[in-house]
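Letters A, B and C name the chains as they come in the text, with residue numbers starting at 1 for each one.
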Amino acid sequence: MLQAIGLTKDYGDLRALDTLDLTVEAGEIFCLLGANGAGKTTTLNLFLNFIQPCAGEARVDGIEVAKQPTDAKKALAYLPEQVMLYPKLTGFENLTYFLELSGLRLPESERNALFDQVGLDQAASRRRLETYSKGMRQKVALAIALGKKAKALLLDEPTSGLDPRASKTFSDLMTNLRDQGMALLMATHDLFRAREMSDRIGVMRSGKLVGCYQTADLTTAELESLYLQHMSEA
Amino acid sequence: MFWNLFLKECRLQWREKRFVWSLVVLLLLAVPAVAVGFAHYRSDLSEVEAGAVAERERWVQQGPKNPHSAAHYGIFVFRPVSPLRVWDQGITPFAGGVVFTEAHIKTDASYETAQDQSTLSRFGSLTPAFVLLYLVPLFLMINGFALISGEREQGTLRLLSASAADPRRLLAAKWLSLFPIVLLVGGVMLGLGLVLLWGRLPAANLLTASALCALVLLLYYGTIANMTLLCSAVLRSSHQVLVCLLLFWMTSSLVVPKLAASAAESWFPTPDREAFHGAMKQEKKSGMDGHDPADQRVARIRTETLAKYGVEKEEDLPINIDGLLMQEDENYGNKVFDRYYEELAAVHAQQERVFQWSSLLSPLLPARVLSMTLAGADSGTQHRFNEAVEVFRRDYVELLNTDMMHESRSGDWRYQADEGLWSRVPVFTFDFGSPLSRFATQSAALGMLLLWFLITGVLTAWLAPKFLQKVTP
Amino acid sequence: MMWRVIWAHESRLLRRDRISLAAALGFVMIMIAAAWVNGDKLNRWEQAGATAVAEQEARFSAQHADLVAMEAGEKHYDSLFGSPQSYFSWAGAVTVFPFDSWAMLSTGSGDLFAPVSQVKFYTKARVPGHDTANPMPRLFGAFDPAFVLLYLLPLFVIALNYGIVGDERECGILPMVLAQPVSPRQLFLLKIVWRWGVTSLVVLFALCAAFAVGGVNPLAKPLALAQLAGLVWLYCGFWFLLCLLVNTGRRGAHQCAVALTGLWAMLLLVVPAGAHLIGGLLYPIPSRIEAIAAQRLAAADAAKQGGEILAKFYQDHPELSANRGDTYAQYKATFQWYQRTLAVFEAVEAITAPMEQDFEARVEARLRFEQGLALLSPAVSVREALDELAGVSRVHYRAYQQEVQDYAARFRMFFAEKAFGESVIESADVARLPRFDMAPLQSNASVLRALAWLALVNLLLLAACAVLGREIPAR
């Protein structure tokens, strides 16, 4: 579903991403781990067409993002580290607007159902977003992703700043999405959650994918040890 | 400690692109503003001097003529040019610079230069005062708006507050850090002005004017710096600070002065010039308040004069009674003029009081008034010039009437005076007064500016440290 | 139908934005206040004109009655002094600037020239300034709707749109928005078009309120109203597109605000003042002192040549010597004095005409040059256009000055005919005495120039936005 083929990005003399080859299948959660500046967010930005690659291709559902960004984004949803939406609008109005931007006009009952799916109650969805916590804002963003019927979801440090309970709820939601057939690519520092919810984990260093592991084969301690090993090679 | 804080603030400002850009723009505007102002001063001065010399020559060499004809031939008086006008043109373009003086009539200065200018002139002239009073405060605000709110948003205020730095010292350092560049721009302009004008007016006057100007600017910039720091400390986000400061600048520099101007004219309207002159002419003819009309006055003077000299016929008088009658008519007319012009001056004074009170809403107004006053381009100086011209007119018309009265006999309209008499008419001179004496006439404006500085200063010193403790946006 | 989605969204955001709504209301209120204040001033000026004309007609009428009485032998004056037969009794005639009903829009050059002046047949006609007025108010300029449109409208636009992209970027909404399948260029252009339209409507509403306060029906001049609406729309658009252009980079909202404030100060303060400065340097206009000196010299020379001047006058006006009568032979000396005075006057006019023309030509050259420089800031073109729509532009006052000069010539010729015909004023002459009558000048050259220039500039800005807006950085 998500495919990076020799994806490369330079910022001046700095190579932020170095010939990344990566595939995330439908119904799979792939976590990218790495230190700050390792290239995780750059990878997500390339899939979102926020930046242009210097070489290689980013593909979403077979569509090359740089060439057909609008089509690619139809199949894509995004959850940034800090989900920020229009604070003066309600959660419901934000959902409606973002879905309409994607060309979707869903009946009210369906939109309400989306909030039910992500665990945000009706009353809360009618309040202005300026009263929401980070977890609630994330739920609105997830409702948008569900409403779009996105085939792939990109997540950038989604669990940072969440309390353990919210983090667990979030984790459950992700696995639920995965089970519905969505491909999830998540950049994170949270080794524990990464191991808990992902199917595969990639470790990035200096723009390169230096390791790729099946989560099922690892314990959290082993993952931490592997991660630190990769980092110490720098 | 304080020095370190101050240096850190200056360093941070230097690293801002907007700071460098605005500094370059200001310096690029400052130098031509002074230089071109000086060039205009020189050309205006040479025109006025040449005009005055030519006019004097024409007057003296007008040839033999009856003194009353000469009194109607009249003398054009040109407003002298103050060297300090390089600094601020003030009302000069909107006030007449030429007065035609003649018998019987008090005329106002006319030929405003603004009448011959394009629409561009209504947007303001690029003078040093324009740069320093309008643009530099904007520069101060743009560079200082994030001094505290920016640190709060970046989270550095949290660290600063956690350190042992005294909040008042921190504020003082930030406040002072706004000034080096302002001093640089102001210093360049004042210094250039001093060099160009050196020797064109007494050194003491030039230095006094520069010192007073620096005082006005420091008070004005101090007020702006206070406002900037206060808003930056009190308001939640840099956006709000910026919008609030720009609103303040716009209100203070554009809206309030224009509103004050319109309100002054609306509440205390000046009479229409035709109606004003018509009323004076009528009152002169029919007598003040309808008493003592001109023909009765003439008849009475005739009778009194004949009685005084103990003669029955005007031909037997040792003087020319027409000269006397004309002088008496002048004296009566002068009383009428004085009354009307006193009323007009009272209206103008009321209008200026509107400006004074409006200064409570705009620190620019008192600063501008003081700047114009120092430059000798204020309405007070214009008023003194008009009065000086009127004294000159009355004196020379009296000299001509007296000559006619004593040098000819009644009914002798063929009497002609010559260059000897014309030369006795003094050359018109006008003393702008010392900058200090002019400045002293604007104590209300100085008081207002001081009030602004003190109130905003006290508010900043009182409120800002409290809000400095508020470390989150 | 992306436009529907975005416009509905913008509309919802606006409804929730109390600050913007308050700003819009404030703008309308300021406009109304400006119209009221300027209308009040205009009323005073119009009143002064009406009073002056009424007083003149009352005086003429009383003098006419006196003449009729004199001719019927019912009244007698010992001399011409004070008699309605004397030229001096009719010497001053008022000229009044014809204000257009739209003058409440702008003060224009109205504060530089007296609304009422007097023409005398023995002095040079000129439109004076407001000699009795305090120059301080003129220094700061008028608080009128033109000021509100010119200075405050851009600030209103900037205040509400400085962060049209930057704000969303700083708040972190932009990545969410740009992750949707919509072209950023289309998205922000649609946003700006909606805001531009709404702002234009607010401004037009404010203008209609201003017209209502001024008691003017703008629909009475549909073409002018269309031009005004176009001007406001394009000027608004200029600032909107500038907001968008500044926002296309990677700037945050407050960087955009600073940049836009800087541009505002440049375009409304620095560029006009700088252009004026350059105009003054390259095309210096001598003060009126030189012209006065030349006139004085010419008058002195002409006075010395009395006889020759009179002979030349007869040569130039042979018709004037044909109708000489001898009914008033007792006033021969007076007539001769008038003949000499008028002949000298004309001679001085002829001598000084080249210098005056040169002066005017220099003024014109400078105005033309400054008009070219004014293109650097659309604000100057808009000010000229607004002044023109209000009928108080330089062009209007120059036309008025010319009309006053022409009227003065006709007025003088009336007395010349009497003086050279050696006749006093008779009751039948009163109806022939020229009166000043000028209709408001209809001109729209500046408006059309401003419209064309703004349209061009806006197109360029739009193109720049389209090019630079292809990539809008999400962060």
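In this text, contacts are C-beta pairs under 8 Å (C-beta built on N, C-alpha and C of every residue); 3 or more make two chains touch, one makes a residue touch a chain.
Chain labels with UniProt names: A = ABC transporter ATP-binding protein.
It should be emphasised that the depicted structure is a prediction, and the values quoted were computed from it without experimental measurement.
Taken pairwise by the contact criterion, the protein chains link up end to end in a single open path, with no chain closing the loop.
Comparing the centres of all chains, each the average of its CA atoms, the largest separation from subunit C belongs to A. Look at where the CA atoms of subunit B average out and do the same for subunit C: the two points lie 25 Å apart. Centre to centre, using the average C-alpha position, subunit A and subunit B are separated by 67 Å. If you average the Cα atoms of subunit A and of subunit C, the two centres end up 62 Å apart. In subunit C, no residue touches at least two other chains. Note for the complex: subunit C touches subunit B at residues 37-38, 40-41, 44-45, 48, 51-52, 55, 94, 109, 112-118, 128-144, 147, 151-152, 155, 159, 163, 253-255, 257-259, 261-262, 265-266, 268-270, 272-277, 279-281, 284-290, 292-293, 296-297, 300, 304, 363, 366-367, 370-371, 373-374, 379-380, 383-384, 387, 393-394. Residue ranges on subunit C touching subunit A, taken from their complex, read 2, 5, 9, 12-13, 16-17, 171-173, 175-183, 187, 471, 473-475.
By the touch rule above, subunit A contacts subunit C in their complex via residues 45, 48, 50, 52, 69-74, 76-78, 80, 82-89, 93, 97-98, 100-103, 141, 144, 154. Considering their complex, residues 18, 21-22, 25, 29, 32-33, 36, 39-40, 43-44, 47-48, 50-51, 54-55, 58, 62-63, 76, 78, 90-91, 94-98, 107-126, 130, 134-135, 138, 142, 145-146, 238-239, 242-243, 246, 250, 254-255, 257-266, 269-276, 278, 344, 347-348, 351-352, 355, 379, 382 of subunit B touch subunit C.
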